[in-house]
Amino acid sequence: MSDGPTVRDVSDWWSTAVSRIEPDVIELRGRPVQDLIGHTSFVGTIWLLLRGHPPTPAQERLLEAAMVSGVDHGPHAPSIAVARIAATCGVGLNNAVATGVNLLGDVHGGAGEQCMEMLAEVTSRTVAGDTLDRAAASVVEDWRARSKYLPGFGHRFHTVDPRRKPLLGLVEAAAAEGVVDGSYLHAANAIERILASGRQRPVPINVDGCTAVIYGELGFAPPLARGLFVLSRSVGILAHAWEETGQGRRNKGPMPPSILPTYLGTA
Amino acid sequence: MSDGPTVRDVSDWWSTAVSRIEPDVIELRGRPVQDLIGHTSFVGTIWLLLRGHPPTPAQERLLEAAMVSGVDHGPHAPSIAVARIAATCGVGLNNAVATGVNLLGDVHGGAGEQCMEMLAEVTSRTVAGDTLDRAAASVVEDWRARSKYLPGFGHRFHTVDPRRKPLLGLVEAAAAEGVVDGSYLHAANAIERILASGRQRPVPINVDGCTAVIYGELGFAPPLARGLFVLSRSVGILAHAWEETGQGRRNKGPMPPSILPTYLGTA
Amino acid sequence: MSDGPTVRDVSDWWSTAVSRIEPDVIELRGRPVQDLIGHTSFVGTIWLLLRGHPPTPAQERLLEAAMVSGVDHGPHAPSIAVARIAATCGVGLNNAVATGVNLLGDVHGGAGEQCMEMLAEVTSRTVAGDTLDRAAASVVEDWRARSKYLPGFGHRFHTVDPRRKPLLGLVEAAAAEGVVDGSYLHAANAIERILASGRQRPVPINVDGCTAVIYGELGFAPPLARGLFVLSRSVGILAHAWEETGQGRRNKGPMPPSILPTYLGTA
Amino acid sequence: MSDGPTVRDVSDWWSTAVSRIEPDVIELRGRPVQDLIGHTSFVGTIWLLLRGHPPTPAQERLLEAAMVSGVDHGPHAPSIAVARIAATCGVGLNNAVATGVNLLGDVHGGAGEQCMEMLAEVTSRTVAGDTLDRAAASVVEDWRARSKYLPGFGHRFHTVDPRRKPLLGLVEAAAAEGVVDGSYLHAANAIERILASGRQRPVPINVDGCTAVIYGELGFAPPLARGLFVLSRSVGILAHAWEETGQGRRNKGPMPPSILPTYLGTA
């Protein structure tokens, strides 16, 4: 007869440092949950679970601002639209939210992640001796060779994203106070300058770019730009799905039923 | 030719009171987003989007405590386990989180919603003239006739859920200060007394029950108990999916590959 | 101290009669997969996995017809629309299909399941001694008391669903040949008669009703009406998501970006 | 002021060549659905929707074999495990299937797509003048430089996948009859020879590789290897979710509750 796995092996399969759950014990990153409830903010708990230790108050304020900024972009945003549609199809509110979150992929929610990588490239070239403007110019050139979209810059809808000024203002203040070192901010500013020079219509940084600056300054890994956006946008997804529930539609399509889709014919 | 829909009709199809998004304008519940960033907490924004107006600081503290309490219950919780598995299959972090959230259904995430309805029934019977204990007893009897599970009470794992004391303590304090009226708390206490009397092993309120008390006291509709739990648990789902990503497994199964599932044979 | 679970206990946690997977062995319902490939149809394999044994050729033809009938209902069907939207957001084709399938809930995909239950009620009343028409009338009355929608009957779009005639024709032929006993068909016909009598606009059976008749005649449990519809509709979901991928849009909203959603104002 | 979009613009937003749905009309790729029901197989309908025209009987047989081969790989396969877990959490069967399908990402379901690309590279080098073995060797070398996994080859579980022989046998027969040209088969064979030469343990082609050969020979685009696997695996996902439903567990974790995950401690 085979020895089979030992019980210890089996326990190891799901080993984790995030939480310890045993009878009558719930510890999050080594902290009993009863010590957190009433003492730690929700955003502080997000930071704790993702990073393993709590943020400073100044770090928490910066993260809070970034998470507030991304909650909603209206019912025409794909993540919001599909959740509202889902809410009319006889599924739970959790399924409606999951449907929306599922769409925050490389194109819809991934720009922040890619922008963080791009900004980090600028910084690493300046560390290697380049001037900031030269580093930014060559990084922009490299990214443009690969894609016509520069992650975190430009918006098909807003000329100047209203979230830009307050978000970057908070980073500037935090850099001035030494809370963050400002390297992502400087890289973003340098890219904005390049994208504005000699153009009729500048390509300003958008909300993905602004939050990428914040997440980068705060030391989050690039994939967590997407992860944090997921948590932020889930709020708007939920609010819209809930509003739709109250409107009583069934099997809502993307347009009123009287509009028939154009039929393109057979190949 | 058909009259077709007017453009106005088409715009109405996606009408909303949650947000107004126009070129260079983002308003959330009538408030410009730039006025919220840096001034409003993430939890305050959650309240604003769901309710249409901001919370008082005391309301916000109570909501914050409830949302902190549900973030994680370890890698064996279905919502966490599937997100960790997803993270090893070559999908985005958003898809992994969506996979976990999708499981917060009637059994996994819906207990709070059902508990709110049960507690509201107790209150409405007391309003109609019953004593609290009689109202609670008859409501418990009714629910037991329909299901062997009483939503929000009992836990297959914890004898006393460590989240019970701090959560109910905050509600008691809020009731004493007049922030909430205490009706959900009293109903829950009455049910706990019934479930403890004459039993060797009492059935204490669990975290779904405690948060249902809070959401009820704060005036949320029952389905939002599930909705708010979704936002809360998403944090742990993300943290675990992210940790799993770092462990480098591919196509992780629920058990080590050396363990073969028992084959039950053909019918 | 407990010894902990034995390996046997652990193996039992995932016990199954669907398949046996061991090194170099893949058996589906007791049949080596290599004996199925090239010998069994895809629909025959669907039946085998769900039922435990293969269908007769006549049963398979009936199931095949039902599954062909539900594959697509155009880009305005919620399940199709969200998958097309998903395909523009930078997620995998599997994520796009999952997004569509997730919406086949109680309202969108569940009518067949409910219709099977309703038809089974008619039959059980006739078995108890009622005439078919009286049984159908009282069942319709009961369902109408609970909901204004009669599952499987009526369509907001088609006057007569073009799938009705071929599907019910196949069931009639199968009943005439003794392949099925016709009880679900007779119940559905009786309900249609009731819904047509004395009305200007009859409420004919729709595709959910027709496939419910087939699944019922073939002995599937009601929840599998939804399950089989999921497999069927996945085909259209995939075809539409794939077509959308080829059109190159990014973050496609439900309407052209030039149409702004109506803002309903603050409460 | 702009006139806004016309109805025509709005209709074009959801234009499609897959289906035409108008009152009392359902056409799939130009064919009335009533002409398909009872005349076309489910697999033939899959081909029709994806390709725009129906398959020949020989093409259909090959596609059918590939789709039968991938339906299930037991409850430890991630896609199956998560669907079974979902089925215990109080969500619909459609949500459980969606949960499983969502995991068929680059690592779990994407190997076929990548394998098709790899095999196509081999063929294009032979067309450019290379011998088959040299082309295969250089392609393997290129892929190995990028990843330690060669898509479609090797299995962590099976020494020889039992699906290999019947699947490749069917392709060989089809190539002999001129149904397909055999280029993907020859490329796959050449890679297998390279991976076997001079090794104690050869790395045989796996089911992703075998089906990639079939999909390639049949002229499907590489992303549809994943798409077709989604349709195939959905069958096993549904069968397992349905079986789990009947076992009555609630909130099933990946392991028996008596096994506690190893806690790795704080950083």
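By written order: A, B, C and D. Residues from 1 in each chain.
Convention: a residue touches a chain if its C-beta (ideal position, glycine included) is under 8 Å from a C-beta of that chain, and two chains touch if they have at least 3 such contacts.
In this text the structure is predicted, and so the values were computed from the model without any measurement.
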Between B-D and A-B, name the chain pair that shares the greater number of C-beta pairs in contact. A-B
Most widely separated chain from chain B, with each centre as the mean of CA atoms: D
Counting only Cα atoms for the centres, state how far chain B is from chain D in Å. 36
Rounded Å distance, chain A centre to chain B centre (Cα mean): 22
Pull out every residue in chain B that's touching 2 or more other chains. 4-5, 7, 10, 13-14, 16-17, 20-21, 74-77, 81, 91-92, 94-95, 98-99, 102-106, 109-110, 157, 254-255, 259, 261
Considering only the defined contacts, which chain D positions touch chain C in the complex? 4-5, 9-10, 13-14, 16-21, 23-26, 28, 32-34, 36-38, 40-43, 45-46, 49-50, 61, 64-65, 67-69, 71-77, 81, 84, 92-95, 97-99, 101-106, 109-110, 157-163, 165-167, 169-170, 223-224, 226-227, 230-232, 234-236, 238-243, 245, 255-256, 258-259
Can you list the chain B residues touching chain C in their complex? 7-8, 10-17, 20-22, 29-30, 52-53, 91-92, 94-95, 102, 254-255, 259-267
Across the complex, what residues on chain C touch chain A? 4-5, 7, 10, 74-79, 81-82, 85-86, 88-91, 95, 98-99, 102-110, 149, 156-157, 250-255, 257, 259, 261
